[in-house]
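Dropping the structures in below, format is structure tokens.
You will see chain A twice below: alongside chain B first, and alongside chain C after that.
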Partner chain A sequence: MQNRQFIVSHAPFWHNGSKISSRSYNTVIAAIPALLLGFFHYGSPVVGVLALSISSAMIWELIMNLITRRPLTIGDGNAALTGTVFAMLLPATSPWWLVITGTFFAVVIGKQIFGGIGSNAFNPVVVAVAILMVSWKDFFDFNEALLNYDFEFIAAYPLAELKHFGTSAITSFDTVDLLMGKQTGGMGATFGLGIIIGGIYLIIRGIIRWEIPVSFLAGVFITALLFNISDPLKYANPVFHICTGYTLIGAFFLATEDSSSPVNFVPMLACGAFAGVMTVLIRNIGIYVDGVIYSILIMNLICPIIDKIRPKALGKVV
Partner chain B sequence: MIKKSFIGMAKPQLLCEALESVLPEPEKISISARATFLLKMPHGQSVGKSSFSFEEGDKVITGQKLALAAKSNEYIVSSVTGKISSIKPFEGNFGQMYTAISIETAQKEEKDKGFKQTVKNVTLENINKYLLNSPGCSSLGILSDSAKPINTIIISGMDKDLLVTTNQYILKSDINAVKKGIKILKEISGVGKILVAVPPHLMDEASVLNVRVKTVGLDYPAAFPELFMKNVLGTVLPAEKSCEDAGVCFLSCESVACLGNAFEKGEIPVEKTFTFIKKDGSNVLVSAKIGTPLVDIFRELGVSLRDKDRIIIGGPMTGFAVYSEDYPVMPDTDAVMVQDSADVSYASDYPCINCGECIRICPADVPVNMLVRLLEAELYDEAAEQYDLHSCIECGLCSYVCTARIPIFQYIRLAKHELACTRSGENHSAEEKNAK
Partner chain C sequence: MTSKKELTLAYSLIIIFFIIGVLSYAAFPAKSPDKPVRLMFKGVAGKVLFSHKLHTNDAGCSDCHHNLEEDETSPEACGSCHEPEMEDEDVPSRTDAFHSQCIGCHQENEAGPQEKECSLCHVM
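Coming up: the complex of A and B.
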């Protein structure tokens, strides 16, 4: 009898075929519509920043793999994804060193020192942007950063206008225009419709969960609405809040990051809504122009505790 | 293999196979030149040659019992007539030791009369003495366990795993034997409540059995005892308690049919029916003597295996792989599956990325994403206390969907095994580790 070697491994012997890399690359695909419009508005710098962001994120990941002597993980696409989402939040005019420093904060400080993929308590991209915003806030002042551009739409950052001049300054912004990306902001963060399409794609593919974006947007909407009712002159209407700043990209691409978001049904709703409420509170009462970044950080912080709310396991007697 | 669909938002639904209404004729495997039987060894006891009541070269006839000389309730029943050619130790799953007894079959078959002579008295004791090694029958022993009084017997016409139709086939093809088996159970077990559980399309067949019939959906894993108890009987078993602890005993249709046949014909049944799942996922029913080496079955079915293929005893979700095609058909082999090397899925060494797929699919609401972190760190006690290890019903779905391809199911089984060992005081995990 021939001696054949059979594979012995453990049940189950089937797998549904999902893998980390396809999750990452599908998320990158979902980002394409929003980035395309950025390219249309700002031209080649978008390509430059995006390419630099993706490649530097991957190189940081590689370096960390080598330093920590772990298996190489750049093949899982997570670093590329981090680079993509990070670039979407940046102004197209970001200098090269800002991009590279940013991806360093995202990949190394945000993810790798926690132990790599799955171990990060905070969304790496959000961590990076938060650090950069504190350190070099001028680059995230979109009015200043995009000064040299000539747009065929209002070239003022809507949220800054609101903060400094109240609702009278934003009457010229039309909702449809905002959704179609006719506003300034991060190079992949302004095309609301494109982000929503990407987000819906991710939800349908089962890569992100609808509970988080929907509750996040509901949190923004309801809180903004209450403010708006209390003082329409001072506080913008809820639709404006949803269509501007990082709200949509935050809902679909930032708050949904796997490792730093909850997995159970009620906690997903609770955390999403919490981040939404915080966003508007920071925008309306706080000193910052946009509150998405900080509210997601705070959400990441409380999510492990909230995620303890879960259905009782089968046969568990408490 | 069922893959995730493009629309990954919905929970995947895995349906068990329904046996079509035209009854397939099982492929009958002819008697092999050699049959092998695995006799379970008591834990932690060294067994020398002298412990057996038989030795190499002894003549054995069909239906003859082979057991240890010392007091042990384990025995095997030879399905062939021939000569014992070898007696070797064999290690099974989780360090369970067996003795592999190989018998070279002779031309002429002789039948053992021992059982026939006792047939007049149908008692639990005789069942324990002769039938526990018959197809599907190992659970019959529970009925005479005085520590766990049984008040309900559920006869299952369902098959636990995907693609397997063995029990459905028995129910359809041998309903009279099932009927007789139920009658015997009623007489000897003293259990008042007997139910039959079948998938919806077998309702009509089951209705002639004169017992209450419950239907269970084909969606995996509805046929698991814990879920059946919860969804159909409305009793939730406390985690860590078995159905028997709650007085409920699950018997397969096959074992009940076996009981009927044995006392009807005065012979210990030695033919095992099982589902054979081919590389392309199609399945056929096969009938072979217990002890037939798999290689003979492959040959008769025209299945060719190559290097790096996989042989699985049981179904795709809960079976176990074996490394040799000499592995025999056992009394509890409900399915044999072969898998092409191209379809073999490998586990990765990634950590959990917290995607939540496992949470959404787990039928027992186990917080798998947290559990797996503790299991990877071998914190079994904490895992059981904080993250509901014992609520797991071992369906394997979490591993099936895991994005990071963590062998979660294996971690869970290992953890339960380790905890059981520590609890029963025989901590041989250390030895196992050294052996690896």
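Coming up: the complex of A and C.
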């Protein structure tokens, strides 16, 4: 194989024109297919939750910029992205105060108090959802949140069925239906195919790295498969775990967040796989219905240490 | 640092989305349908998800709403009489009323679950 040589010339340099804002807005574009299906299923409330989430996240960032007397960063679109991804995880019936409180936790507690974009140790959206899930868990019980919707598909939240009634209760869920979004859940988190298409778009554009989602999904698949082999009557098959809950949105939109995920090749694989394994462990032997949020939070926690696994430096500086 | 163009876009997004968000919440407030689709009964022994629509397919209104008048089409909600704690001995408390209603009808129609299988309805 021929070794490519990179020649670094001296200044002046020409910026290639890439911007943080184009990364942010491209990620928002990648979320559109999943959100469109949410709109199709839940109707106008999706527009309200999404619009309020985006605007309030940007307003919180603007307020923090002004209070801390730092340069205005709302132009980079990161707050808009935080608002979009946060809205995708919420049920369509979320009250306005939950949305505004959530974006406060995401933008202020999750990001700004660490110093803004690039300094946050945890994914801001995951921090916000974790706090809200502990504080107001009934709003994240999708069976309770979506009581008034009359769906043409099974209205029970698949992971809750599995947790409470075992594998016999999930035999009526069809994998293709689950992948096509015929399931209840977060308003932008149920359309598996749409999320995968959005994720592939992000990978092609170079905004996220393929290593994290692929290793995350592999971690989920292999762990769920081992559980399933050990006791098929008690534990669901791995494909069910991948198509339900926050698994796919977690793999492509949450675990890949810039500053809270690793940057080196081996750490990316290790962290992604770790989060995948933890997700299934929490689902199968933990008390929570879905484990994606907490597993990504733990992954964020160990990332800086795992990221110490670095490639050998090329050459030697004398 | 962000450019002026990006800031203008951000301000525009804030204003547009805030107005859309407020209007959506104001114009389409969450309201319950006249006839419930599903109901969530809550008690100390956990939640019970009840499909009202599924049960109305098989049973008539008066099978459960026992005080329905002849031509009455909009029965009262169970909770309007059956409160969580009842002082009146003739009117069972909410949990007792649901238990006797649900278990009685399910046993009559052999629709399961068996006795002492609480977790088949109750979810903590």
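Just a few scattered comments:
Going forward, the second predicted complex is superposed on the first by the 303 of 318 C-alpha atoms of A that agree within 3 Å, B and C clash if a C-alpha of one lies under 4 Å from a C-alpha of the other, contacts with A are read in each partner's own complex, and residues count from 1 in each chain.
Going forward, contacts are C-beta pairs under 8 Å (C-beta built on N, C-alpha and C of every residue); 3 or more make two chains touch, one makes a residue touch a chain.
Predicted model only: the values in this text are computed from it and were never measured.
In the superposition on chain A, contact is made by A:Asn148 with chain C only, not with chain B. After overlaying the two complexes on the shared chain, residue contacts for A:Pro71 are found with chain B and with chain C alike. Of the two partner chains placed by the overlay, neither chain B nor chain C lies in contact with A:Gly291. Of the two partner chains placed by the overlay, only chain B lies in contact with A:Ile204; chain C stays clear of it.
By the touch criterion defined above, A:Pro33 lies against neither chain B nor chain C after alignment on the C-alpha atoms of chain A. When the shared chain is aligned, chain B comes close enough to touch A:Arg310, but chain C does not.
In the superposition on chain A, A:Gly17 contacts chain B only, with no contact to chain C. Common to the chain B and chain C contact sets on chain A are residues 19, 71, 76. Here chain C touches chain A in the complex through residues 1-3, 6-7, 9-11, 13-18, 20-22, 24-25, 27-28, 30, 32-33, 36-40, 47, 49, 51, 53, 119-120, 123, going by the rule given at the top.
By the touch criterion stated above, chain B contacts chain A in their complex at residues 1-4, 6-10, 12, 162, 226, 230, 236-241, 295, 305-312, 314, 316-325, 337, 339, 341, 344-347, 349-357, 359, 363-367, 369, 388, 390-391, 393, 396-397, 399-405, 407, 409-410, 413. Put simply, chain A touches chain B in their complex at residues 1, 4-20, 23, 71, 76, 115-119, 203-207, 209-210, 258-259, 261, 263-264, 310-317. Partner chain C is touched in their complex by these residues of chain A: 19, 21, 43-45, 47-56, 58-59, 62, 71-77, 80, 93, 95-96, 141, 143-144, 147-150, 155-156, 160, 164-165.
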